[in-house]
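Okay, here's the structure, questions in a sec.
In this document, chain identifiers A, B, C, D, E and F correspond to the written order of the chains, with residue numbering beginning at 1 in each.
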Amino acid sequence: PALTHLDAAGHAHMVDVSAKAATRRKAVATGAIIMQPQTLEMILSGAAPKGDVLATARIAGIMAAKKTADIIPLCHPLSLSSVTVDLAPNDNRIEITATVTTTGATGVEMEALTAVSAAALTLYDMCKAVDRGMQIENIKLFHKSGGRSGDYNAA
Amino acid sequence: PALTHLDAAGHAHMVDVSAKAATRRKAVATGAIIMQPQTLEMILSGAAPKGDVLATARIAGIMAAKKTADIIPLCHPLSLSSVTVDLAPNDNRIEITATVTTTGATGVEMEALTAVSAAALTLYDMCKAVDRGMQIENIKLFHKSGGRSGDYNAA
Amino acid sequence: PALTHLDAAGHAHMVDVSAKAATRRKAVATGAIIMQPQTLEMILSGAAPKGDVLATARIAGIMAAKKTADIIPLCHPLSLSSVTVDLAPNDNRIEITATVTTTGATGVEMEALTAVSAAALTLYDMCKAVDRGMQIENIKLFHKSGGRSGDYNAA
Amino acid sequence: PALTHLDAAGHAHMVDVSAKAATRRKAVATGAIIMQPQTLEMILSGAAPKGDVLATARIAGIMAAKKTADIIPLCHPLSLSSVTVDLAPNDNRIEITATVTTTGATGVEMEALTAVSAAALTLYDMCKAVDRGMQIENIKLFHKSGGRSGDYNAA
Amino acid sequence: PALTHLDAAGHAHMVDVSAKAATRRKAVATGAIIMQPQTLEMILSGAAPKGDVLATARIAGIMAAKKTADIIPLCHPLSLSSVTVDLAPNDNRIEITATVTTTGATGVEMEALTAVSAAALTLYDMCKAVDRGMQIENIKLFHKSGGRSGDYNAA
Amino acid sequence: PALTHLDAAGHAHMVDVSAKAATRRKAVATGAIIMQPQTLEMILSGAAPKGDVLATARIAGIMAAKKTADIIPLCHPLSLSSVTVDLAPNDNRIEITATVTTTGATGVEMEALTAVSAAALTLYDMCKAVDRGMQIENIKLFHKSGGRSGDYNAA
């Protein structure tokens, strides 16, 4: 195995996917943002219970999935069939799950991982005035299906 | 304290910073991507020792810092005085540090955190063909100075 | 019927179109910007009769159609086969018609409506120094064809 | 008076604002989207009362305000101090008000008008599956203050 | 002298301009696209004499100037006071001149050069169906003033 | 032959490609940036021999190829199968070659030409502190294949 994003001289390029079939593909990525329990309480209560904070993070994740090829230099631009961002508040954290599907020649792992990252950053932004010590943790590919390389599930 | 990004009705808005002075501000964010030692070995050796992989991730981080207000819904657009992304390969991980400065009315925490996230995602992208189990960990604000709220250093 | 852009919990998501066939689709949207007759006169006469004002608005509309998925949070990114923006000056107004076609899994209503909106905003921008009271009116879907839901024509 | 966005030859250009002072400026724009009363009912009731539909439109308006210089060809890029998008559901319509402030050399009318347009388009997008006949109406500048040309209030 | 965009280790970074004063700066860049005389004839005659082809290229140049920091990785984002793109058709070529001004901490050479490049590319695009052999030539900085390094004029 | 990007009235539009088959297409564009030999020496030697300068320019070219439809007003947005940017330092210049492939309804000449332009501009940016007189020369289409109009090779 080699790093496919480098050519024989070690130079970055966007790899050729023209020989790959356009098949239905799916990727699920997960991650979390850890915060003070009081911060989470503040998000979940108040004037807009579970309101605009979570909605804004969901929208940020969905929109970032569409910008993936603009953020990640060697990513192929591609159409997306669906994007879902789920936020599960839990004690001292919000667990983030992004699910992306496409019918195309490349997988959508990067789109799912980018959606999780943007949702986490947005939650940080919205709560940073009360909790600067939040941490974004454990962003990873959880599941991948479709394409020649077969299914993948995180251990 | 309250969530400043929500108004009294709980609706998201971009908070008014017109009363804040334009001062010199700095933020440092850190994070890491964990990988198989062999994956790191592959990045550091070969045709382009420490070559385009790390350079591409640095560029991705710098460019993402400039896109922060486009990725994070309630972030203020602002000029940046400098952006640096440092990558420190170490055993089974690459530690990422982004430093951003501005002279402006708002801090640049989100720019630094976004740069770290984009660099990490780019490293994932470039190595995913050989190591799908990589994880992005511990993205947080490490240091912040300038502005009315005083200095901050991660515990 | 339900709001398809919300899931069962009421959360926004980008709906799954992977089961929809890629067919030829067309959408026509219309709208107008109302202005003082003297403002319209100024656009149509002078050094560049019907010149750069209308050309700039046409270009703005076409380029905005391509940015639709970046402006409308839950819109699917898609390729466009053609975009036309027609401007018909008339007495105290400029009527705007945008026609967009694609071969894809989703309709292009939003692209056509976005093109009309951007052309209208651009006309406002170019003439605001002489006429701040201009109004953008009656932006709507005029015609839609292709796709499972059949043809639509405005009443 | 002349169209300032055209030079003496009638060619479009971005006008020189370097002689204008950076002062505090504010603009308020308004507009509405007209819909079937049942459509509005659907937005306001259900699983997410007043939930993600309105939040998504607010976010879209705020983000579009930041993209104004990218959508309107001759607009100056500028920093924004605040952006607020208010949505007032009312019988057969949602009234949209966007308020934008800056400290800069140019006004923010176009940012406010663009925010209203994007919020309206997003509401159309989210409800189009149940009501294709919605119309966007009466987008105009409602108030403007700051800058050399003095205050403006819609008649 | 050294390459300021690299740090001591040779790594790319966005250089720190926070110590530089915000002064009025100007840059003029020039270039040309060479074509068959018949191609130029086609642009200048016909239904829209000197019409939308030149207007479209001017708009493309102006809009690209605003996107410079998004296209050139280490460019600082900055506000622009004015952008002008002049097109001078001449025999077998169109000479392109872009003039950009700002009041800021960095020069606007890259914005002017990017405007020339985008205008040239747009002319290529609009005429490529009749003349694939066009060439873009001699893009360079023609004049620069403002800032600590003094005036520059091309030899 | 006529300028396809204008309609019968001379107005710019995005031409309809819905009748064109989605075939495999390739375009190669070339160009060069001319500089002082000492400038080239500085790029090739030093702390990062052939390091981040060339890598940054490659990345800029690849990312710009993906932004082509956002930079060139009448370009169709399309997926790209591969993008490669090669930089050949040589005496007093760096020769730039960009190769782009797609499976789509339109050619990718503009993507290849845009990649060359952005790589050249980035090299200018990174070296301008030591050599303001650099010139970008001879950007042209070198090869094109696929599509109805047959192969093209520069004379």
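Just so it is clear, a residue touches a chain if its C-beta (ideal position, glycine included) is under 8 Å from a C-beta of that chain, and two chains touch if they have at least 3 such contacts.
Small disclaimer: the values here were computed from a predicted structure and weren't measured.
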Task: For chain A and chain E, chains touching each - done: B, C, D, F
Task: Repeat of interface C-D, chosen from A-C, C-E or A-B - more than half of residue-number contact pairs shared - done: A-B
Task: Distance from chain D to chain A - Cα centre to Cα centre, in angstrom - done: 30
TODO: Using mean C-alpha positions as chain centres, tell me how far chain D is from chain E in Å, no decimals.
DONE: 30
Task: Between chain F and chain E, distance of the C-alpha-averaged centres to the nearest whole Å - done: 15
Task: Per-residue overlap in chain C, given as positions that touch at least 2 other chains - done: 11-12, 51-52, 55-56, 58-60, 63, 67, 70, 73-74, 79
Open item on the list: Tell me the shape of the graph of touching chains, choosing from line, ring, star, complete and other.
Closed with: other
Task: Every chain pair meeting the contact rule - done: A-B, A-C, A-D, A-F, B-D, B-E, B-F, C-D, C-E, C-F, D-E, E-F
Task: chain C contact footprint on chain D (complex, rising order) - done: 1-6, 8-12, 31, 42-43, 46-49, 51-53, 55-56, 59-60, 63-64, 67, 70-75, 109-110, 113-114, 117-118, 120-122, 124-130, 132-141, 144, 152, 154-155
- [ ] Could you pull out which chain C residues touch chain F in their complex?
- [x] 24, 55, 58-59, 62-63, 65-67, 79-86, 101-103
Task: chain C to chain E touching residues, read off their complex - done: 51-52, 55-56, 58-60, 63
Task: List of chain D residues in touch with chain E within their complex - done: 7, 11-18, 69-70, 73-74, 76-79, 104-105
